[in-house]
Each structure stands twice: as structure tokens, then as C-alpha cells.
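The structures considered in this document are given below.
In the two complexes that follow, subunit A is the common piece, with subunit B as its partner first and subunit C second.
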Partner chain A sequence: MVSPLTFLRREPAVAVAYIVLAAIVVGWAVSVPQLGILAVTNTIGQKLPIVCVTIGAAIVLISRGVDLSVGATLTLVNVIVAKGTDGTGAVWLWVVIGLTAALAAGLLNGILVAVYRLSPLIVTLATSSVLFGVALYILPIPGGGTPSWFTRIPLLLVGPVPLVALLLVLIPVVLWWPLKRSPFGTALYAVGNDEAAAFTAGIRVRATIASAYVLAGFFAGLGGVFLTMNAGSGDAGIGLPYTLNSIAGAVIGGVALSGGRGAIAGAVAGALIMSFLNNLLFALGVNTYWQFVVTGVLLLLALSVPLVLRRVPARRERTA
Partner chain B sequence: MTETLRTPALARRPELVRAVIPYVTLAALYVGTIVVAPGYRAPEQIATLLQVASLLGIVAIGQTLVILIAGIDLSVGAVVTFTNLITGAILAGLDVNLPLALMASLGAGAAVGLLNGFVITRLHVPDLVATLATMTIMIGAGYLVTGGAPRGAASPGLVSFVTGRLGGFVTGALVLWMLLAAAVVLILSRSTLGRRIYAVGLNREASRYAGVSVPLLTILLYTISGMTAGLAGFLLTGYTGSSFLNSGATYQLASIAAVVLGGASIFGGRGSYVGTIAGVLITVLLQSILRVIGIPQAGQNIAYGVVILLMTFVFTTGFRRRRRG
Partner chain C sequence: MTAVAEPADVVELRGVRKRFGGVHALKGVDLAVPRASVIGLAGENGAGKSTLLKVLSGVYAPDEGTVRYAGVVQERLVPAKARAAGIAAVAQELSLFEHLDVAENVLPVGAPRRGPFVDTRARDALAADALALVGSRLSLRTMVRELEFADRQLVEIARALVSQPKLLILDEPTSGLKETEVERLLELVGRLREAGTSIVFITHRLSEMFRVCDRFVVMKDGETVADRAAADVTPDELVRLMVGRRIEAMFPSKPVAAEPREVLLDVSGLAVPATPISDIDLTVARGEIVGLAGLAGQGQTEILEGIAGIRRVTGKVRVGRAKGPFRSPRRALRAGVWLVPEDRKRHGLVLDLTVERNLTLPTLDRVSRFGMVVPSRVRARAESTIRELSIRPDEPELDARLLSGGNQQKVVIGKATIVDPEVYVFADPTRGIDVGTKAEVYALVRRLADAGKAVLLLSTDTTEIIGLCDRVLVVSSGRVVAELAGDDLTEERITAASFSGSARSA
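Right after this comes the complex of A and B.
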């Protein structure tokens, strides 16, 4: 077992991310006028979709790929669940159908990238367009509906703790931690670090990469289910910002675009930073349109930090 | 070298295929269309298609150049929207403001392109992620500039330049597109700059050793891409008569689809603007057909995705190069 201290020494970005997150959450808590259990529960519930999507995006980034279709997958599941459930009330059936569609989308990405070795950026950009089109075809205008008990799930309390807060911790711990400790987790980081070396070491490179995209599809789909719980309806235009936000969150949390480095715990913190920053801006009365600008600028900044850090010693050598 | 795990397959004579396929596809699609819908034979209808094509064609100039060096520009749609918004606001229906609106549009486009080029070359951020970030910033900027409520309108001069048809056929925007297209085709096929663009697209390292400043070229081409998108946004205002949010969103994938349909390799170094012209016409015709069928938005998205996937798939079998490194 890796002790928490060793983990933090190996992944300093994770510690930084949680410190920044704590500061933003405190700032938000102070500036919100009425902070009750309901406000907290609601706010945390709104974070579940982006946290799920970011976990998926981060897994693909670690494999040295990128998944631009997670936002569209989330949208598709949202639309399937909302449209299918509307009138029939068979929520769980449509949740399963939605998640199956998400897994299929991930599998398609995985096969195209891992087996046919097409550029992941182009593949997922294209499948994103297709999935978004299918979602629009299913639900041309926002609508659909879910039973009220379904939309009340995020408000449930488990003892004194909101269910959504538990899920926020449980999803990464129960769904990701065992995978990370499994041979797959080791293979994922190995492939992300050096594909050729991993291949030589007997790791099944193609299966590992394909699995990363399937997992991304699954987590994006899970995000879509939680989003439908929050919204209670479907909207084909809802998922667009999730793609960039998930990549930005992962990068801010220390996951490297160049693959093989970073932790899901960091990605979760990164996603929460981006999301709570919007809450903070809103609480401070800043125009909500700034969210777009803040997201883009934060991503560029986070991407340039490791580069600047690496540059400093290099400069010194040159001048010496 | 992971690519050595799989040896390149067939397609040993791809250059000829590349040049011919787009025009054959265009001809087949057009013939198919007039069989189903004879209305598409009318000069009036062709003129309408060309009018729409001229805007996409101008955006596709920048996209072609960027894709030729193995890049991609996802921010073009957001730039079109942004310059559409500021053009409407600056013009406020008056021709006097045309020079200012044009300068502002080109300037905004150039600024975004410069930022893209700088982020990609200096911060070593992958093209797709960098332009995705600037895209998000520009969408936000569009909302901020207008406060979410677009105002202003095109001026009569701009409207007649884009929609007024000389001899029932030729619009000012079409002439402008043809002039720009001729310039791009000449530059790509005859100039040193053109050689360098293909060289960088084919082999970045070798071009660097041959003395080509890859960062400078990258920044230049992204700036051009920003400016052509800015110009298209300016002209779009004349086409729609006013500005609206998300007006340019479709140009993002449409321009990529047009370039890829035109036979350019998404891995750079292969393709030409001559091909892109066919790609633009195919895309516009496809959009029009889907609108007639009644699934404009959903159909377009699915079509773009499938087309980009298929073309990447087909053209990747022949020349496979490492993109990351």
C-alpha cells in the first residue's frame, strides 16, 4: 500500500489542487447569503455529473489519448433517459439502456483508436458530432420527464450526511480505486508513459487503450444519469461545456496531457475547483458569462504551469 | 515506434485519388440530388448554394492551411459568431461604419489566431485543446460584448455585397471568395511559403533542419485562419441581416468536414485548396438536402461526424505518421 504521504510526494499537484479547492469552497461558503443543508446538498448534487465525466476524461488522458466525446455521451444518456422515461415511468430500464448506449459509444471510440490506430482527437471529435446528432434526433427540442421520486434522489439524507456527498466520495473510491489497484491500472499508466515499452513488457496495449475509452463512456453516461436526476428533463444542448470542462478539470488536477501521469483524486479536485469557482463567481455577483472566459483561461494557465516549471532550470543551464 | 506494429496497407497512388475523388463525389451527389429534387437544376437554386458556399469557403481557407501543417482550428465557429456580433453592433445599419467593422472583425480574428499560434508553439499545447480553449473564451466574449442580447444590424451596402446577385448569379462575396481562393491556390502550388507549408505538414523535424521556422509558420497560419473566420463573420452579418448568438457554431465542424471531404489528410502535408472547394460545395449541398428532408441539425451533425471518420479512416491507411512526439 502507498501511504498518503508518499502519494502526495509523488503527486504534488493533487495536494495543491485540494488546497486551492478548499480556499474556493471557503470563499463560496462565506459569500453565500443563506447556507443551509439544502443549499449544500443542491450544490454538491450539481457537481456529480462533471465529477463523473472528468473521471472518465482523466482515465483516457492517462492512457495518452483524449476523449472529446464525453460531453456528447452525457447528452445522449440525458436525452435517452428523459425521453424514454417520460410517460412510461420505467426509469431504471431507460437508465440501463442509456448506460448501454454510453458503453457502446466508448467501445466505438476505443476500437477506432486502439485497433485502427486513428488519431483520438479526430475520432472523438467525429463521434461527438454523431452522438450529438443522434441526441438531437431523439429529442429535437428540450423536454421529456422523469418521475418526481427520481429527481428527489439527490436530496436524500443518509443519517446527517447528504447522499450526494457520499456519492461524490464513493464513486471514485468504489468504481475507480479497485481498477487502479488491478493489473489494468498498472497497464493504463504503463501504456500512457511509454507504449512501446509497455508492449515489450507484455502488456496488452490495444485492450488497455480500448478499455480506457469504454470506461470514459461509462463514466460520462453515469454523469448523464445524475444530470437527468438534477434536471428532471432532457436537453440535447446541455452537454457541450462538459467536454472542455472535464479536460480542464483533469489538467488542473495534475493529469498530464502527455499521458501516464496524474491521479483521479486530482482530477476530481480539478473538476470541483472549476465548478465551485463558478458558484463563487455567481455568489459574488459576477456576470455568469465570465464562466466561459474563466474556464478557457484557467485551462491555458494550468497547461502552461508544468512547462514554465520545466523551463526554469533549463534556462539556468543555458546561461551558465 | 508504435506504428511499426502495423504496416501501412494499400493506397499506393493516393495523390491522384485525392485530386479526383472530391469532384467525382460532388458530381455524383449533385446528379443524385437533381434526380430526386429537380428544383436543384434551377440557376436560382445554384446561386443560393454558391452564396452560402462563399462564406464556408472563406472559413475553409484558414482551416485548409492549418490542417496542411497537421493542425486543426476548432475556434473558427466561435470567431465567426463573435465577429458577426461585433459587426452588427458596429454597423448599426449604417454603411459609413463598414471600414471600422471590417477592421474590427479582421483584427479580432487575427488576435484569436495569434493567441492560438502562441499557445500551440510556445506552451506546446496540442492544437485541438488550445483552440478548444480559445473557442470557449470567444463564446464567453460574445456573450459579454452583447450582454446576451445581440443588437445592431447589417448596413445596406454589406447586405447587397453578400446577397445582391449580378446577372442573377454572381454576388460580391462569391467574387471575393474566388479571388482569395485563386491567391491561396497559387501560394500553395507556386510559392516558397506553399512549399514550406507542405514540408512542415509532411515532416516537421526535417523541415526544421532544413531551416524552416516551424513556430513562425504555425503562428502565421493560425492567424490567417482567425482572419478568414473573422472575414466570414463580417460577411455573415450581411447574409443574415443581423447578428445572433451561436450564428457561427456550425462553421466549426462544417469547415473541417469540407477540408477532409476535399481530400486533405488530417495528418498534414497532403491535399490542396482546389480539393477543399469541392469539399465546400459538397458540404453546402448536403446541408441543403438535409434541410429539405427535414432533419437539418441532427442530420448535419451525424453526417459531419461520419464523413470525418470515414475520410480519416480511408486516407489513414496509406500514410500513417506519428502525430505525437
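Right after this comes the complex of A and C.
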């Protein structure tokens, strides 16, 4: 077991990300007039989709790949659930169908990248286009609908705690932590570090890489389900920003684009930083144009944090 | 299948052939490793030792021939299968994972589980035991990226030991270790043999070989040429068995040693951080060709890269009046050093550019006017170089990709002659090119020296080093272990020096 202290020494970017996140959240909480439990619950509920998608994107980044199709996967699940449920009301059936489609999309990416050795950038860009096209075919104009009890799920309280806040913690802990502790977890990092060395060590490289994309598909699909709960309807245009935001969030949280390094806990923090930043700027009444500029600038600053942190120990080694 | 009762051999290779492109790395090798024996694999560079070990451990599939583990023929062998069969290898290039910790690196696969999870406590106990065997006291939670070279090597060996292999393959396991660590490893090899493990051992230190090996297998040019009990062989004999007898009249004559001339390249105390390479002193004077010899991977490439500004080094590098080490190839060039790189396809050429564009790439400002490249100047430069080096076909507009390996190499060298530095640094300039082109390259290198340039050249081909160089430094484990010139410059002396490298003192 790795103690929390050891973990933070290894991944200082994670600590920094949570400090920055805390500052932004506090700033937001202070600047929203009359912040009630409903507003808090709603806001946190809005974060669930990007948190899920970012977990998936980070897993692929750790394997030294990249997945540009997570936004389209999320969209596809959104339209499948919204359109399918509309009229029939069989929400859970369509949730299962949607998640199956998401897993299939991930498996396709995984096979093309791991078995056929195609460039992940192009493969996932292509599948993204295909998935987006299918989503448009299913739901050419925004619409569909889900039962109101489904859209109220994010508002449920578990005791005094909003369910969504609980999910924010439970999803990474229940769905990622066991994977990280399984042999797959070590294999994933090993493959991302050095594929040839992983092969020589007897790791099943292709299965590991393919699994990373399948997981990305699953987490993106899960994000789609939560998105549908929030929106209560389907929209084929809704998922586009998720792809790059998820990658940016992972990198802010210390996941290396060069693979093999980073923590999911950091990626989650990174995703929340990006998202809460928008809330904060909105609450401060910052003009929409300036919101874009400020977001971009802060993104650059955040990206430089892991770089600066990585330099420090590197220097010490050189002089030793 | 004939009944095999209690197979005596852990591993048996029969008629194994392996080819890479046009090069025969293994030409029908037979090797049997009996239970509880230590076999020393000896041979010069390119003899096929490392390739053979990679076939043994399932990294390379042989083109022909059979691999038997415990008498059973193995089909479609991969490292995971070899591991399952009780074969563990420590390859020459370390294969650790920088961003995983020591325990995870010792057991990246096959860690004990509790249910679906890795049982970290049990894994840590196993890793700690394996590390204790090699005498390492590293913290299991240290990330490998923070480790020094010697510690990394011990982690790599611990990884091989943790599976309690029936056959342990060690390819140059001692190159970065301190004397006490080497000592402990050799003792461990003895203990493992007593416990019934077989070991195949490659080292360039003959003394180590004679201490632990029961048998020597000598390889030359992809074949096993001798297989002797250790007791029946002396170190001198072993060296003689390894060296070739090829004498080729393809080298330009060397100038008679003249009066000492101006030293153009002066390196002292050069060291490469995080490697065993240190205390490198060397000088190259005008008109001189100095060779770096030794077994492959002893640090020669890193030394050249350090001098040419490609790799960060410490120590002193002086070129003419400029003081280094240089922080980039561009700065090195300004001082007067240019490296002709080892891997022409990766570093030497832009394969999709034409020959003339490749030739003038580093010197575009000389063929430009007002910041724009003048095609007629490019053509003129290229044509004169193509003539001088007789690059075939002599078409400047051809894509570099379409040239033969030898002619590609001439383009890389031609590029250097257009740059026209004071100090030429060549990294294995004749690797993978045909004999005719080799002779042309040798003549060209000598012409450069005669024109007053200083030439530093790395080659893993001993014949070439002897035929071409005025003076040779033998590198072993990151140190210069011998300097040879004149009558001392013989294949026996170089091989003996390559295989004698002493362990790093603690």
C-alpha cells in the first residue's frame, strides 16, 4: 500500500490541483448570492458527466494513447437514452443499451489501436466522426425525453448529503480504485512507460491497451447517462466540448501526455477545476467574452504547474 | 513423439537461424543448457550473443530451428510463455518502468493476488526477499526514475530472481555495479547453481567468467565455434577463439607518425549523469584518426553524443579555442564539431527530402540570399559533393529514401563535408553498408585527416578500427581501459582489453 504522504510526494501536481480547486470552489461559494442546497446539488450534478469522461480519457493517456471519441460516445449515449425512453419509459433498458454501445465503441478503438497498431489520434478522430453521425441519425434535432423521476435522481438526498456529491467520490473510488489495484493497474502504467519493456516483462500489452479504450468508452457512456439525467432530453450537439476538456482536465491534474504517469484523483481534480472555473466567472458576472480569455489564460497557468513541479526533483538529481 | 524420460537439458536450441533484413544474426546455432550449470557465452560484437539470448527468452522468434524447454518444442514463443516455463532474463538494455516504484518493477506481472486485487503486502514481501538476495536495501516505495544506474540494475536482477527461475539469463549484468555488488552477484550465481538453477552468463570481464562458469560457448559471426569445459581453457585461448582472422586490404595506408600537431579536441573528466560513464579523457590532434573501440554499449555512443552537444555531460570539452561541454548540436557546430550519427534513418537523413536538400540542410544559410534558398546554389553544392563522394545514382533530385544504404550513408557524410567542421565525429560510419562502399568511406575519412581535420570515430568492428585508426581507446563499462597505437594495435589486444575491464571500485 502506498501511504497518502508517499502518494503526494510522487504526484505533487495532485496536491496542487486540489488546493487550486478548493480556492476556486470557495471563491464560487462566496460570490453566489443565497447559495442554497438546491443550487449546490444542481451544480455538482452538472460536474458528474465531465468527471466520468475525464477518468476515461486519463486511463487512455496513461497507456500512452489518446481518445478523441469520448465526447461523441457521451453524445451517443445521451441520444440513445433520451430517444429510446421517450414514449416507452423503459429508462434502465435504454441505459443498458446506451452503455453497451459505448463499450462497443471503446472496443472498436481498442482493437484498431492495440491490434492493428493504428495511430490512436486518427483512429479515435475517425470513430468520433462515425459516432457523431450515428447520434445525429438517431436524433436529428434536439428532443426526446426521460421520465421526471429519472431527472430528479441528481436531486436526491442521502441523509443530509446530496446523492450527486456522494457519486462524485464514489465513482472514482468504486469503479477505478479496484482496477488500479488489480494486475491491470500495474500493467497499464508499465505499458505507458515503455511498451517494449512491458512486452519483455511478460505483460499482455495488446490486451492492456485495448482495455484502456474499452474503459474510456465505458466512463464516457456513464457520463452520457448522467448528462441525460441533468438535461432530461437528448441533443446530438451536446458532447463536443467534452473531448478536449477531459484531456485538458487530466493534464491539469498531472497526467502526462507522454504516458505512464499520473493519477486518476488528479485528473478528477483537473476536470473539476475547469468546470468550477466557469461557475466562478459566471457568479462574478464576468462578461462572456472575457470568460473565454480568462479560462484560456488560467488553463495555461494550470498546465505549467506539473511542468514546474517536475523540474524541481530533476534538478536535484543532476547535482547529486 | 519419442518418449523423453526426465530431460537433462533445461533448454535446447537446435539449428536456430535469425535474420534481420539482409543480416544473418544467427546462422544455425545449437545450444544445450543442462540443469544446474553455468554457461559463459563469449564472442565479439555482432557475434550474435544478445540475439541468441533473446531467442532463448522468447523476445525474438527464430526464423528456423527449434527451441525446446525441458524437452518440449516451443511454438510461437513470447516472453510471457518463457517466463511461465521458468526462464528469466536480464537483458543488456534495462527494461524498467520509470514511473512505477521498486516493488512494482520487481513484480510487474505475476504478483500474488487476494481475490482480483494485487496483494500488495505479499508482493512487497516477495520483492524485498529478491532485493535482499542481490544485497540491495532500496525502499520498495522509491520510484525507479529516482534511482542511480547501479540500483536500477539490481532491481532488474531482482525481477528475474523473484520468479525462482529454472534458467536465469544474465546479459552483462555487472557493467554498472560496484565491486562489492559484483562480488555478491557472483556468489549468488554459485548458490543458485547449487540449488539446481542453470545460468547463461554474458560478461566482458574474463575474470568473472572464469570464476563462475562451468562451460564456455564461443560465438563468431552468428555461429557457435567452440564449446569447452571451463577447466580446459585458458583466458588467452578464449580470446583467440573469439577473434576473427579476416584481413582485408581495403584500408588506406596510415601516415608515418609525424611530429606532434595541434590538439583540436581535448576532453577531460567527461561524465554522463545516471550512467557508469565517467573520467573520460581523450585528445585528437590535427591529421589524426582516433578510434573508440570496445564491446557494444559500453558508453562509446554516449561519449560521442556528449562531445557533439546532443547529450548533457559534465567535465571539460575543448574544441580549438571554444570551451564546452556544448549544450546543443548547434553550439557544438559553432565551435567546430559535427557528429555523423549512428542511425542514418532516424538522425542522419530526412528520407522524404531529395538528396540535394538533405546535403544542404545544415548549411541552408550558405545557399540562401536575402533569407531565401536559391535552388541553383543548392544544386551546385550538391552536384560537387555527389561527384566528390561518387554518390550513386548521381541525381540530386531523387528522394533519399530511394538510395541504397551505402549511398544514404555517403549522403550523411557528404552533408558533414559541406558543413566542413574542424573536428569530425563518426558514430559507426560503416554499419550495414557493403564492402565496396566501406572502402570508399575509409578512403574519405583518411582524406579528411590528411586535409588537417581531427577525426574521432566509434566502431564496433575491430578490423575496421585497426585498419583505419592511428590510435585507439578501448572503452569498457564507461571507462577508457586501454590506449593502443602502432604495433600494440592488434585484434588480440583490443579484445583482451574489452574483456578485461575491471569493476568499478566502490
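Following the convention adopted for this analysis, the second predicted complex is superposed on the first by the 287 of 320 C-alpha atoms of A that agree within 3 Å, B and C clash if a C-alpha of one lies under 4 Å from a C-alpha of the other, contacts with A are read in each partner's own complex, and residues count from 1 in each chain.
Keep this in mind: a residue touches a chain if its C-beta (ideal position, glycine included) is under 8 Å from a C-beta of that chain, and two chains touch if they have at least 3 such contacts.
All values reported here derive from a predicted model rather than from experimental measurement.
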Is A:V286 touching the first partner subunit B, the second partner subunit C, both, or neither of them? neither
If we overlay the two complexes on their shared chain A, which of subunit B and subunit C does A:L157 touch? Say first, second, both or neither. neither
With both complexes superposed on chain A, which partner does A:L93 reach: first (subunit B), second (subunit C), both or neither? neither
Of the two partner chains, subunit B (first) and subunit C (second), which one does A:V173 touch, if any: first, second, both, or neither? neither
Dominant contact partner of subunit A by residue count, subunit C or subunit B: B
Looking at the overlay, does A:R64 come into contact with subunit B only (first), subunit C only (second), both, or neither? first
Partner chain(s) touched by A:T295 [first = subunit B, second = subunit C, both, neither]: first
Applying the document's definition of touch, where does A:L257 land relative to subunit B and subunit C: first, second, both, or neither? first
Per the contact definition in the header, classify A:I19: touching subunit B only (first), subunit C only (second), both, or neither. neither
Which partner does A:A39 contact after superposing on A: first (subunit B), second (subunit C), both, neither? neither
Touching both subunit B and subunit C, residues of subunit A: 196, 199
Complex interface listing, subunit A residues touching subunit C: 1-2, 6, 10, 178, 181-183, 185-187, 189-190, 192-194, 196-204, 256, 260-261, 313, 317-318
Residues of subunit B defined as touching subunit A within the complex: 1-3, 5-6, 72, 74, 119, 123-126, 128-130, 132-137, 139-141, 143-144, 148, 253, 256, 266-267, 295, 297-306, 308-309, 312-313, 316, 320, 323-324
Contact residues on subunit A for subunit B in the complex? 64, 66, 68, 112, 116-119, 121-123, 125-134, 136-137, 140, 195-196, 199, 205, 241, 243-244, 247-248, 257-258, 287, 289-297, 299-300, 303-304, 307
Touch list for subunit C against partner subunit A, complex: 57, 59, 78-80, 82-84, 89, 91, 95-101, 104, 108-111, 113, 116-118, 120-121, 141, 143, 146, 159, 273-274, 312
